[in-house]
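Take a look at these structures.
Common to both upcoming complexes is chain A, partnered first by chain B, then by chain C.
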Partner chain A sequence: MLNQIGAVIAKDLLVEWRSPVRTTAVLFFALAIVLLVAFSSGGGALKRQAASTLWMGLLLASTRSLDRSFQVELEQGALEGMVLWPVHPVALFYGKAIANTLVLWLVSLAITPFVIAIFDAPVKGNLPMFIGFLAVGCAAIAAPGTTFAAITSRARAASALLPVLLFPLVMPAMVASARGIGVLIEGDIMNQAPTWFGVVVAFAAVHWLFGPLFFRAVVEE
Partner chain B sequence: MDEGIAAAGLCRRFGRRWALAGVDLVVPRGSSVMITGRNGSGKTTMLRCFATALPPHMGGVRLLGQDPWLDIDNARRKVVLLSHATRMYEDLTASDNLLVWARLGGMDVDVVAALRDVGLEAARTEPVRSYSAGMRRRVALAIALLKKPDVMLLDEPFAALDPGGRAMMGRVISTLRARGATLAIATHLPQVAGQYCDMAAHLADGKIAWTGAPADAPAEAEEVW
Partner chain C sequence: MRAEHVLLVSGLVLFAAGQYMGLFWTPPEMHMGDAGRMLYTHVPPAILAMMAFMMASTFALLSLFSPRPRWDHGLVACVEVGVLHNFLLLALGSIWSKPTFGVWWAWEPRITFSTIMFVGFAGVLLLRQVVDDSDKRSLWSAVTTVMSSITVPLTYFVVTKVATLHQELSTPESLSAPMLLTLRVNLFAMVLLTLWFVAMRMRVAASRWADEAPPPLPVGVGGAQ
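On to the complex of A and B.
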């Protein structure tokens, strides 16, 4: 099982390395949102928008990444090939979800310094927790996103359907991530960040734990 | 005699249309069957049901004497479907693709030798996106052979191949037969595929309309029912 998870991750990263379409598109998409919000706003409110803009950029951009991760599998029937190989559906889920998380981490690492600089929002609170929010928040998008991307990938309007399903579901994690990062930027004098962090961790844990349960039905249909 | 592939009352529909409407067929273990029939007669659907890519809506399939759906992962380890979909990643090279599938199956592979066997050693470092249909077919075959299948299902294996490619495909099929694998070959080229088969079945409207020796297979132009 672990070998297959590793093989799926390695395969996804190799495809991305050979043709970095997904990472590039997602990065520029997220960056465009950040810049748009930054330059259309202004004044003292700018700093308070940093956290929400960061997560809005990551969430919107994630749909391009998730969508693309299954398009590649469907182009020449590779997804069915993996099911019949057989790659265990649990390995397939974790492999794809981890690879999607890695792509989102990469994008978050690239755009976060821009957000901090453009919004003049240096982190005054706990920096490791700030990084933890980014890591777990991306994972909280990737796990349900992998399931929904697999479900919608065969639909005619896959790229429109994915956000419709994904956004309402991940909203609690996104709100918690944005609030947590927001208070860390402000200095977290009331020590609220750990509570928000707990919400994000719980959300991610539930979806990483239960996501694989239905994945065989998802990929076999 | 042991069953290699068996279908009993196999039915499969897409929407309201029955692609397979009660297929009964037994292919003894180690034998090869040529399946002919017009476009839309149900050849591909039948192979996909044999490969467990599609569950039957009625009736059943047995592979190597077992119901594959009772132990699906075990059954899938023994069967390979070489279909129109090449299962490849377009941005990767042929070598990459082979390595990816080998890793996914936990197999060791000599990439150079595997691609040499299908006549693609020289082009192995080029992205598959730049390959012709015949070259893709060869890579797909090399990938399929990684599994050393006991049951091999080939959907139009000679399509898109040049004469050299057809000869290579013939050699591969002969090797598999010599190894005792059970084969089902769907084809529109009975003169070519028939050389490598012990029996033939003709599909029409989702049913087996005729079975017999490959040399006696009816031409598609003259339907037999």
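On to the complex of A and C.
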């Protein structure tokens, strides 16, 4: 099982390495959203908007990334081939979800310094927890996003459908992540960040644990 | 007379009675005055939306573990009626909010989570619109319904446990006897109308499923004799 998960991750990263169009496009998409919000705000309450803008950029960018991750599998029936090979659906889920998480981590790593600089929002609170929010928040998007992308990539109007299904589902994790990062930027005097972090971790844990059950049903039909 | 007709007629009669009681029979609410009468139309959709979504997720689980067309028919009926109730909940809540809180909308947890629930299940209906194959439509909507159903307990938790701008949850202890009776009549009426809608929608879904089914193979083809 672990070998299969490793093979799926390696395959996805190799595809990305050979033609890094997905990561590049997603990165610039996220950056454009950050810049658009920053310019349109005009500087008034910029620092307070930093956390929500960061997650808005990552969430919107994730839909492009997740969508693309399954589009490449559908070209020439690659997904069908993998299931028939056979790669276990659970391994396929974890492989794709981990690869999607890695792409989101890369994007978050690239845009976070921009957000901090543009919004003049240095982290005054616990820095490891700030990094933890980014890491677990991206994982909380990637797990349900992988299942939904597997569904919508084979439906009509896939690009419009994925955000409609994904956004309401991940909203609790996004709200908690934005609030957590927001209080960390302001110094977290009331020690609220650990509570928000707990919400994000619980959300991610549920979807990483039960996600394979749903994904299996989708790819095996 | 069929069972659905009984549900419809009794639901309409009770609904008319409930609306009359809410508008003319019960006294105005102590703090909100006549605006408080919105309680009788705002609370039933809130309860029924959550119940419909939980029923939909039960049908979805049944559909995943033992796929049968009837579970899919139940799922689509419950999601549709749940989305309708959720819309009524938000629209009526917004109308009630203006004279009581002074705003049409506030980004406070109860309203936000009710909206998230609405968008999530509306997405399931949207998904069904863009999938032509009935088996895939059934499976995918079951998966998305189960995944979206996490918003239902979250919304319930926020409504019951989190203190917000929204007033406290109405309970038999917090309402006078005429108000409680009126609320129960309206709730019961909407339960009957919801059951009628679900029964009729399941029948329509079954009819469409039969229309979409491929025609039987002619005699002698594929081993059939």
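The rule is short, and it goes like this: the second predicted complex is superposed on the first by the 219 of 221 C-alpha atoms of A that agree within 3 Å, B and C clash if a C-alpha of one lies under 4 Å from a C-alpha of the other, contacts with A are read in each partner's own complex, and residues count from 1 in each chain.
Throughout what follows, a contact is a pair of C-beta atoms (placed from the backbone, for glycine too) under 8 Å apart; a residue touches a chain by one contact, two chains touch by 3 or more.
Note that the structure is predicted; figures quoted are calculated from it, not measured.
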item	value
First, second, both or neither for A:F148, with chain B first and chain C second	second
First, second, both or neither for A:V164, with chain B first and chain C second	second
Which of chain B and chain C A:R156 touches, first, second, both or neither	second
Contacts of A:F214 with chain B and chain C, given as first, second, both or neither	second
Chain B versus chain C as contact partner of A:L36, first or second or both or neither	neither
Touching partner for A:A117 - first (chain B), second (chain C), both, neither	neither
Residues of chain A at both interfaces, chain B in one complex, chain C in the other	none
Chain A contact footprint on chain C (complex, rising order)	64, 116-117, 119-120, 122-124, 126-127, 130-132, 135-136, 139-140, 142-144, 146-148, 150-151, 154
Residues of chain B defined as touching chain A within the complex	51-53, 72-73, 76-77, 79-81, 83, 85-92, 96, 100-101, 103-106, 127, 147
Contacting residues of chain A [partner chain B, same complex]	3-4, 6-8, 10-11, 14-15, 18-19, 72, 75-78, 80-88
Residue ranges of chain A in contact with chain C within the complex	144, 147-148, 151-152, 154-157, 161, 164-165, 167-169, 171-172, 206, 214, 217-218, 221
